[in-house]
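These notes concern the structure reproduced below.
Here the chain labels run A, B and C in written order, and each chain numbers its own residues starting at 1.
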């Protein structure tokens, strides 16, 4: 879908992207990274807003800069508040649908559809300047969807939306992905991306620090012991036999009902854990991988790249 | 037993405490405004270049002091020729030049102020437009009014920023040139003779500060886009000069000496300065023939008309600025 | 054609509904206000020459040479700049249009609106200056007896749109070259179009104001009396019947081509934004 080849972008002395090579495949991909990592730069390059300083970027096999054929297949939801404030939400979406070359009939139907899909039907007649931040996000998403793009590029689409709005937008993106729309979504709120997709592209300081499925990325971090959290009533009774297990490198009891096991080979520990629990006659409420969350991975990776 | 919960609505609340005596909020606004403006290289350059005018003024004052010493000589005649060409004053028949020193100085300073008004135009267009417009654009007014700053303090602070820059390009160079002129011409006698001029320079400088500051602030408060303020300021200053020229050409000579002669801001400032300098009275008191100074005289527009028009501009501009700022401060309070 | 027509209509709408249009109307109405002021205080009898000058000086030196360029500065600097600043350019350059098309369509739409406004201002000026006057009796037996104000109005109505097209192209280009286009445009306007074009030098031939004057003086030869030039230079530069249409359109084409090239090869995002 998007191919990056030795792609670099710098602004004077500031590096936006640093020699990035990657292929973003079909489906939904989360683009994560801290502020200033290069997420918006990558999206700007993909949507033909920015020119690479070095290397090249291809969207559906073609360059997107000044290329209407490619641009008409992309729906872009930029970050911030870029609006013609005097327009109503409907006029805004309708104008951009016209600019996408849609016929009158198709446009009329599509505009109303996307407005409804984004939950803006009741407010579409009002001027955008009177919209709340959440409404602005929704109408931006609506304009990105109106021409039925094959690829949706969403730059921080949850910013400013309330919890209900976030949930609804997330649901919309998931259903679009289910319908076959490719989505590249950026956010620095990691659990939002995690809730949407396992496929991530993690950027920090203009470099890709991880790319791929969340779990495979975690597995690739050999030098980091994995953490397994066990919730049970008597953590000390489980800690004693675990201390003798070969692959366990660390044990941490937190509170009265939680034991954190550190190991470089979690599969082995998972294999032995049921026997130990049964032998001690313990009642376990939960066993989970404590550091396979995107947040934990992000912490490891950005620490390494810093 | 249940306890009654206390709720504290977490919204903006207007500051309603008592101001301390000696509150210096305006000074903070002034200092910050001046510091930010001076950070721009172009503004610094603009202010610095006016020293060229002051230097030129000092050189001419030196030449005039030289004339007093070399009257009647070949060199003196050359200087008189220069005075006739540059100041448009013919004093070739005069033997005791020092008696006309004050008149010559006043003609010279009138000319210099006319030149400096160009710097005022540029400096104010650089410094003034963003003063309130930027605050409106970035919604910074609620931040000011969440502090012990009243709209009046705010407007006053912003106005002083413009006034300070105008003073830098008009008042400071003129007073500096005058002091240098007194020093090179020599003696307390010169000081006594030109003391009135110093005072007049101060008043005319303040007049320019007040007028330009008030107008640019009013324009700045009308929009959040400082570019339109710049265009507006240039239009307010330049277009009436064109218009006045057309009026002078199209209407009979006498009819543009009253209200119809007060369209241009620059001409009004010059008329009032001319009146402050008392040029007409000085010439009438002199023994020189009328033709000797006719060319250096401004169009005799009635000063009361110019003063009224300028006062009208200032009052309207201040009211507009105050009204806009108060409106914003109230809307901020209702957030 | 759909996207082009959409953008054309949208630009016209945006030009007419934003605050800029009020500033434009205010500026263009200045000659009418001035003429009404003159008429309110003018003497009861008028010489043919005074009337002629009262008509042409505001039309030529005020409206065409000062106000039209000023209006074009305001709109030219914002042609693409306003969208860059509001970041709405993102929407236009990610749609089914080439970047140069966006520029040209916006330019044409703005030029149409401004040309219409300028022509309306000129018609207003015509009536404010001459409306309700018994012109025939004033100009009869004077050297202005052949003066046809309606014909002159027609000339202005044709030359003013030409001025709009030319100045807007120049200031649109400046708007893309420099990050603070308004300041540079004003400097260009004062130095080149107001000062250089009025100097008794041949260098004035390279200014748009001069070329517009050549066109206007070709149609209204008497206008050359208003130009303060040595007679030989005046006769050499302004010939009756001559037009500088090719030169003006040449300036427009060159300026627009450069502007189109710039939008095609340059990023149109504010630096601060693209660094985020």
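Methods note: contacts are C-beta pairs under 8 Å (C-beta built on N, C-alpha and C of every residue); 3 or more make two chains touch, one makes a residue touch a chain.
The shown structure was predicted, so the numbers you read here are calculated from the model rather than taken from an experiment.
Contacts between chains trace an open chain of neighbours here, each touching only the next in line. Comparing per-chain C-alpha centres with the mean over every protein C-alpha atom, the closest match is chain C. Per-chain Cα centroids separate subunit A from subunit C by 51 Å.
For this pair, subunit B with subunit C, the centres built from the Cα atoms lie 32 Å apart.
The centroid of the Cα atoms in subunit A and the matching centroid in subunit B are 58 Å apart. Residues of subunit A in contact with at least two other chains: none. None of the residues of subunit C touches two or more other chains. Multi-chain contact residues of subunit B, defined as those touching 2 or more other chains: none present.
Every residue of subunit A that touches subunit C in the complex is listed here, in rising order: 11, 14, 16, 35-36, 40-41, 44, 47-51, 66, 68, 71-72, 74, 76, 78-84, 86, 95-96, 98-103, 143. Subunit C contributes residues 2-3, 5-7, 10, 14, 17-18, 86-88, 90-99, 264, 267-269, 271, 273-276 to its touches with subunit A in the complex. Contacts from subunit C toward subunit B in the complex involve residues 19-20, 23, 27, 30, 34, 37-38, 41-43, 50, 53-54, 57-58, 61-62, 66-67, 70, 73-74, 77-78, 182-183, 186. Only residues 223, 227-228, 230-232, 234-235, 239, 242-243, 246-247, 249-252, 255, 260 of subunit B touch subunit C when the two sit together in their complex.
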